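Labels run A, B, C and D following the written order; every chain starts at residue 1.
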Amino acid sequence: MTALDRLCAEVCHANLALVKHGLVTLTWGNASAILRDEGLVAIKPSGVSYDTLTPDQIVVLDLSGKVVRGTLRPSTDAPTHLALYNAFPKVGAIVHTHSSYATVFAQARREIPCLGTTHADHFAGAVPVTRQLTPGELTEYEHNTGRVIAERFANVDPAAIPAVLVAGHAPFAWGPTMAKAVDNALALEAIARMAHATLLLRPDAPTLEPHVLAKHHDRKHGANRYYGQP
Amino acid sequence: MTALDRLCAEVCHANLALVKHGLVTLTWGNASAILRDEGLVAIKPSGVSYDTLTPDQIVVLDLSGKVVRGTLRPSTDAPTHLALYNAFPKVGAIVHTHSSYATVFAQARREIPCLGTTHADHFAGAVPVTRQLTPGELTEYEHNTGRVIAERFANVDPAAIPAVLVAGHAPFAWGPTMAKAVDNALALEAIARMAHATLLLRPDAPTLEPHVLAKHHDRKHGANRYYGQP
Amino acid sequence: MTALDRLCAEVCHANLALVKHGLVTLTWGNASAILRDEGLVAIKPSGVSYDTLTPDQIVVLDLSGKVVRGTLRPSTDAPTHLALYNAFPKVGAIVHTHSSYATVFAQARREIPCLGTTHADHFAGAVPVTRQLTPGELTEYEHNTGRVIAERFANVDPAAIPAVLVAGHAPFAWGPTMAKAVDNALALEAIARMAHATLLLRPDAPTLEPHVLAKHHDRKHGANRYYGQP
Amino acid sequence: MTALDRLCAEVCHANLALVKHGLVTLTWGNASAILRDEGLVAIKPSGVSYDTLTPDQIVVLDLSGKVVRGTLRPSTDAPTHLALYNAFPKVGAIVHTHSSYATVFAQARREIPCLGTTHADHFAGAVPVTRQLTPGELTEYEHNTGRVIAERFANVDPAAIPAVLVAGHAPFAWGPTMAKAVDNALALEAIARMAHATLLLRPDAPTLEPHVLAKHHDRKHGANRYYGQP
């Protein structure tokens, strides 16, 4: 089994995990991962049912979008994934879903504020929303979706905030590995659902105090992190 | 196996899928499909539990409502289905449910606005609400429910907006095939749930920009659609 | 197997169905049924886990509350059930749960208005709320809970509105048979959840037009009902 | 099997029950229990997946925090658990989760008012919220989280109100036994979800009348309790 075979198996497994965790309805979602050394991206085929998805159906592209393995069309969102891999050199995997509450914030064109430690454990601040694409940007719609995300992260560290809401559309999440990207997509939906309910209960709910936010993020992700096993 | 046998099997399977996807509680729902060449409609029997539903219990009617196969009474909503098949010549299958959030919009007598691309992928604009039936229209209640839906679509393309909310009642969804009609019923509930949560978070949430709405609908349904496999 | 054995089996099965349908958390619920000819009521034992409930654990009482079969204590709510069987001579079975949204309306001390046909199919009008018990009525708390329900139905037909919300507490539902009582408890939770979401979306949502309410209720329950099989 | 082996098995089982009941997402939660005679606490290891958790992975600490059994790091929240065992001498087990609606109230920095008998059956009054920790208290963050909880309970009986919301963080629940602590965590989430929905429906919903609150709590927990089996 080559590294590329393993990548395709991981990407297949991640796509199925999205359904199992209730993040994907119908075919609304796709996961991909990259072999940085070889510049190859493995991604879900377009519009294929999750019920029958197998590793050999995963499509492999180079970073210019050329299919180098597989007989099916790649996800229509592949150019968005490629633009993100090009813009964020440390990202190893990307997950796109229309998970309910993250999508609700994207539709409300509202960032998800950091209201608690659950949020801070995964995202070191508010999860941002992009601007909407202009009519002129629709020519290369999916590619420009990636560009608009990258534009939004001009002054944001994608390792510290590994997710974004595309305005009027839905979330993308990412991580250094496929497993971390899936966890971040799952965490994103959970914190979006809780932020939604918190804001309905108390519209002026305070954001988490910066010292607690930093503490929680650091104990999982900082230089001296002590969460989990060594 | 005849084409009619296949239709009955598909209709039985679709009815069970509605339960599996959580769109139907108790016996609140029914699915039907039509063989256009023969003018025959297969539909769920009335009030029969989904637990024990089998293809041979599916009732077959002609377009005038006469039972041509089956020993059980057809769904009480059969005249609504027939009215829709007569009014919408390209519709191949119809799904009626009382799925929670689509029903909530029907009860609020409020159309579901297009707030995002998930909506636009399935419905090319707001999902409309009918008017309420008059007391005089109750004589042929179920037939007139179909007529009132058709009236509401006088200037709406039922292929572009394959669902409706009956005021104070619940949704109907449809499609060219049984599988597409079930997908549209499932998509309808998902977009209703997200629109509901979006409007609670931001009552003045903007509808999706028309250029993005058209782009998303066209990539799945337009002449040059490129979503899915060729 | 005697009629009483069958009753105990039905009551056991109904209690388990409440858990399966998500109406009961922990031990917050109980179902009972009556043999009118013999004046015997079968009910769940108190505080027994649903995981291990068997028909022979079901407790049988006479209408005065005396245990005539079984070695376990009956549900603490047994006196409420008995008071209802005494007050409503046509009721054959009773279901008490703390199902989420019915309990929410009970806590808000607000009746569930009839906002749609799903409601009208099961309840011929608003589901009422009782008054709170006075301090003096706590001496025989569970018995008086039943009395306060009966008081609320002085001018309401318990066959037409087979459920009530006890103020600050939770719902009771009933029916002519155990199966119908469970269906009514399930329908109650579904219409409470949809009414809640409807009222959040549109606080002044209109109640269902009386002519449509009567039509829907009559097609399932009226003298000329035509829903279901003959 | 020693008493300590049994404790580890119970703690493992409780951690898995939290996932089964939907109280824990990813690794956001941990359960512990104490052998008071030996001063030993068994707790979940940090960041270990619930999918593969076994009793021999459970870590045993003394009350000063020294690991006396097990090869994995204990939960990062272990110092909070230890502080609570030291502050509340009658507590036998503790459950920490980020369950959705309890966390929502913690994020809104709002106590959960007692709005109904479901609440009163488990908690003899509002479930309180702590103050936020100061920057100076972050040095021993987890230990001080326990101290801030104990501070909040200076005038509250932890046996009567067996749960707390840590401001901007999430809930802790406890009980005399591991099973009771899990039940309280489950009850806490259920009453938080219902309180949330009640307050959205009616922001000025009345708290339960004190005489009914006392009656309900006493029939389960009072000197003359009569709920359950003798």
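In this text, a contact is a pair of C-beta atoms (placed from the backbone, for glycine too) under 8 Å apart; a residue touches a chain by one contact, two chains touch by 3 or more.
From a predicted model like this one, the values you see are computed outputs, not experimental measurements.
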**Request:** Chains touching chain A and chain D alike, please list them.
**Result:** none
**Prompt:** Where chain C and chain D touch, do the two copies share over half of their residue numbers, giving same, or under half, giving different?
**Reply:** different
**Message:** Taking the mean of the C-alpha atoms as each chain's centre, how many Å separate chain A from chain C?
**Reply:** 46
**Geometric centre distance via CA averages, chain C-chain B, whole Å** = 33
**Prompt:** Among the residues of chain D, which are close enough to touch at least two other chains?
**Reply:** 200
**Message:** Dump the list of chain pairs that touch, please.
**Reply:** A-B, A-D, B-C, C-D
**Request:** Going by the contact rule at the top, pick out the chain C residues touching chain D in the complex.
**Result:** 25-26, 28, 45-48, 72-73, 76, 98, 100-101, 103-110, 132-133, 135, 138, 141, 168-170, 196, 199-200
**Message:** Under the stated contact criterion, what part of chain C meets chain B in this complex?
**Reply:** 115-118, 121, 183, 186-187, 190, 193-195, 197-198, 200-202, 205-206, 208-209, 211-212, 215, 219, 226-230
